[in-house]
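Two complexes are shown next, each including chain A; its partner changes from chain B in the first to chain C in the second.
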Partner chain A sequence: MVSAYFDFVRIRFLTMLAYRVNYYSGIVIYAINIGAYYFMWRAIYGDAETLGGFTAAQMTTYIAVSWMARAFYFNNLDREISNEIRDGSVAVQMMRPISYLLVKMMQGFGEGIFRMLMLMVPGMIVAVLLFPVSLPTDPMRWVVFFVMLWFSFLINSQLNLLTGLFAFFVENNEGLMRMKRVLIDLLSGVLLPITFFPGWAKTLLEWLPFQAITYLPSSVFTGRLNGEEVWNALYVQIAWFLVLIVPILLMWRSARKRLFVQGG
Partner chain B sequence: MTKILFSLSLFREYIANYIKTKLTYRADFWVEVASDLLFSAMNLIFIFVVFQHTPSLGDWSEAEVVFVYGYFMIPYGLFSTFSNLWNFSERYIVKGEMDRILTRPAGSLTQVMLENVDPPSLIGSLVGLGIMATAWWRLGLSFDWYDPFVLIVLALGSTLVYLGIYTAIAALSFYSDAPTGITPLIYNIQNYGRYPIQIYNKTIRFLLTWLLPFAFVGVYPASFFLEEHRDPLMAWLTPAVGLVVGAIGLGVWTHGVKRYRGAGS
Partner chain C sequence: MLAIDVNRLRKQFKVQKNREGLKGAVLDLFKREHTLVTAVKDISFQIPQGEICGYIGENGAGKSTTIKMLTGILVPTSGQIHVNGFVPHKDRERFVKEIGVVFGQRSQLWWDIGVIESFRLLRKVYRVDETDFKRRLDELIETLDLGDLLNRPVRKLSLGQRMRCELVAALLHQPSILFLDEPTIGLDIIVKTQIRDFLKKINREHGTTILLTTHDLQDIDALCSRVIMLDDGHIIYDGGLNELKDRWSKGREIVFQFTDAVSLDRVNSLTAGLDVRWTKENEMAAKVWIPREMNVSDVLARVVSSAEISDIKILETNTDEIVREIYRTGSPEAGEGIRG
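Now for the complex of A and B:
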């Protein structure tokens, strides 16, 4: 049974690999985005030493690693799910003796492995060559970072599942999916670290799951969080991963009851 | 002349059709408008949050950066209304829809633009105008009688820059089977044009001014109104650059249509 799920990872990975040419430009796109924000932040810092708790050098690393983390955890599971719901093929998938949601997660993970090998790693090498990015020297920090990156993927995919499942309840969740994408970029800390937000917004964001996607792992990577704080960051991620399982299962249960395939 | 009038009458029909379809799904319409605006809201929130930590970006103040962004939204909204060519390759070339387009009485580019007309994007232009007006007032800029006319000319020039670049890119699918990845690439480069170009290094400035002139859809034309950063030469180049880029886009398109051999289905 487990091997069946593993096959979904493998198949998605191989499918993505077959279309790898489409993703080469992705490396350039991520380099462009890192470049745009690198120059922007250089102008923002001007003569200032630290802003929002980040030094100018840390900020460069933060931007690079945040965009590269996004290159890994980003996927279109929400769109895939809502397409399958709208064209009715979800009904066939539901009859199979495997969990639909787990299959989606596995496919997302297959895509994630592909993205890590073809986008994130080469992109990071390009970024290190082009911009003054400083990589951590402590091997333990690398290990923790990759564990946290795994949770970034899980939490982001969980939010995608939730957004995608909305297609069961509304006729068109296109706008919702677009909004979710913009919100995650802004509130997860890809564009700017959570510490930059004014007090009330910062407090609010610390109670939302978004910061666990980018801000926490990137802060660990840049050395902004140290010692005890690193473990706390990881616990926050684990907590959100567990908490988010609840609404997904609730939604899935009520969705199965009201599934009505149009013209199916 | 009659051809233009004919295209305009078609345009009216398509808008009427668009409104009829949208009135059936009113909720969708508003969600679409909101999600469009949210993207600009995100960029503005970025600007506002950043300026809580620094008094200036290079030597540009917050109100000036917001002003440039507001200006940018005007041509961008106009462009998105009339030219929604994002998935041109998949929708028209791969599916063979282009064959149908060529049998229509209107010009091929006009017909494609008509079929994808997206009036809600104009709301973005209006919001941009509002943002610009607010920044204008905050900066205490003087207002001359000719400013509205200059704004119209510059905004049309900027719109032409966008139209030209994206028409040329859409037309690439006539030459190559799968020009995937180019559109998102350009789309990401375009983001640079919304901020003061002076903060970038020489290579990026050259790229944005002469190769992919996105700086003419933001900082150059907007600087005409900003007393601190006025650069009349670059501002007045905007309509000229717009005409040149627009002509290139049209040229690549017409040449591409001639090469088009059909989908074979």
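Now for the complex of A and C:
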């Protein structure tokens, strides 16, 4: 059974590999994004030593690592689920003795591993060569970062599941999916570290799951969080992972009740 | 034991009503109006193990909705369903291990990977033992003649090839019940025949219960001993195919090819006293209509004994015609009046 789930990871990975040409351009796009933000922030910093608690060097590393993390955790599970609901093929998937949602997570993970190998690693190498990115030397920090990256993937995918499942309740959730995408990029800290938000927004964001996707792992990686804070950041991620399971299951259960297979 | 037991099953859908015009659209934005559509109206039927049952009806009669409830995809509004002793929508993951499903219009194979990869994945999903899987797969591949397709990705298969692969996919875990939703739709006659023969074979050898919906009545003729006919959410006929034919056929017709020219009077005199009707086909041939209560042999004996016959053809009303008649009139009862 478990091996069936791993097969979904493997098959998605192989499928992505078959279409890998699409991803060569991805490396360039990510490099351009990192470059654009690097130069923008350099202009903003000017002569300033620190802004929002970040030194210019930390900011460069933060940007590079945030975009690279995004390459790993980003996926289109929401779109896949919503399409499968709308064209009715979700029915076929539900006829298998296997959890639909877990299968989706596994497929997302297969995609994540692919993106990590094809995008994140080469992208990071390019970024380190082009920009003054300083990588941590403490191996423990690397280990913690990769654990946190795993949770970034989980939390982001959970939000994608929730968004995708909305297709059961509305006829078209395109708008919702777009909004989610912008919200995650903005509020997770990819575009702007959370410390740059005004005080009230910062407090609000600390109570939302988005910061757990990018801001916390990137802060740990750049060395802005240390000692106890590192573990607290990880606990926040774990807490959000557990909390988000509840609405997903509730939504799945009520969706099952009102499932209306299109074209039936 | 009953394979399928359905009691007063009902399914209602809420359908959004779109109001007309700009004003309607604005109103819709704030308050949606819904209409309740009943797709399946309190139907009951039982199917014993090992039966092949045809489930027919016009488009929108509620066939697919029923299948979706029987397979646990849809939750019924009211009524009871037991399939293999399970309530399908409640115990989904355990229940689906014992059934196989093929939707003619939907693939359950993975589009981008080779057929054999799909099968291997299904083996793991259904937790089929490796040796069982090998044996079963070899058998299925041989009967469905799939040997050279196995390494191709599904998206490169023709419809006929894909359909045969779908059948294998649905049967790998040796389900005791097979649901087929229009399995022969869009297929050529050779593949259709191959699939029908195959279904008969697995039913015979493994006792697999089969419930199939179809618009192709030749599927029914070839496979089913029993037919359930649905119209507007109601069951309008449930019984043997032969009874359906007997009950709704408009009698039989025999075409006689005589060796000499015949007249209508002449043939009428041959069967004087019998309630039959003659029509002339051409100079040398005439057709006689015989009501279904009458024995064909009675008429045959009379004609053959007093005229030279070169050829005889017995025409039975085919299922297509009967079903078309029932669809057209909406119920078998109305069909009664039309006959004769």
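As a working rule, the second predicted complex is superposed on the first by the 264 of 264 C-alpha atoms of A that agree within 3 Å, B and C clash if a C-alpha of one lies under 4 Å from a C-alpha of the other, contacts with A are read in each partner's own complex, and residues count from 1 in each chain.
Methods note: contacts are C-beta pairs under 8 Å (C-beta built on N, C-alpha and C of every residue); 3 or more make two chains touch, one makes a residue touch a chain.
What you see is a predicted model, and the numbers here were worked out from it, not measured in a lab.
Asker: Have a look at where A:Val28 lands relative to chain B and chain C in the superposition and call it first, second, both or neither.
Answerer: After superposing on A, A:Val28 lies in contact with chain B but is clear of chain C.
Asker: Would you check which partner chain A:Phe39 touches, where first means chain B only, second means chain C only, and both and neither mean what they say?
Answerer: first
Asker: Could you look at A:Ala48 and tell me whether it touches chain B, chain C, both or neither (first, second, both, neither)?
Answerer: In the superposition, A:Ala48 contacts chain B only.
Asker: Is A:Trp252 in contact with chain B, with chain C, with both, or with neither (first, second, both, neither)?
Answerer: It touches nothing on chain B or chain C.
Asker: What's your read, chain B or chain C touching more residues of chain A?
Answerer: B
Asker: So, does A:Tyr100 touch the first partner chain B, the second partner chain C, both, or neither?
Answerer: After superposing on A, A:Tyr100 lies clear of both chain B and chain C.
Asker: Using the superposition on chain A as set up above, list the residues of chain A that contact both chain B and chain C.
Answerer: On chain A, the overlap between the chain B and chain C contacts is residues 171.
Asker: Residue numbers of chain C touching chain A in their complex, please.
Answerer: Per the stated touch rule, the residues are 13, 16, 64-65, 68, 71-75, 89, 92-94, 96-97, 99, 101, 103, 105-108, 110, 112-113, 117, 120-122, 124-127.
Asker: Per the contact definition, I'd like the list of chain B residues that touch chain A in the complex.
Answerer: 25, 28, 31-32, 34-35, 38-39, 42, 45-46, 49-50, 52-54, 56-58, 178, 180-182, 184-185, 188-189, 191-192, 195-196, 199-201, 204
Asker: Provide the residue numbers of chain A that touch chain C in the complex, in ascending order.
Answerer: Of all residues in chain A, those touching chain C are 1, 3-4, 7-8, 11, 14-15, 18, 88-89, 91-92, 94-99, 171, 256-257, 259-261, 263-264.
Asker: Would you pull the chain A residues touching chain B in the complex into a rising list?
Answerer: Interface residues on chain A, with respect to chain B: 21-26, 28-29, 32-33, 35-36, 39-40, 42-46, 48, 51-52, 171-172, 174-176, 178-179, 182-183, 185-186, 191-192, 196-198.
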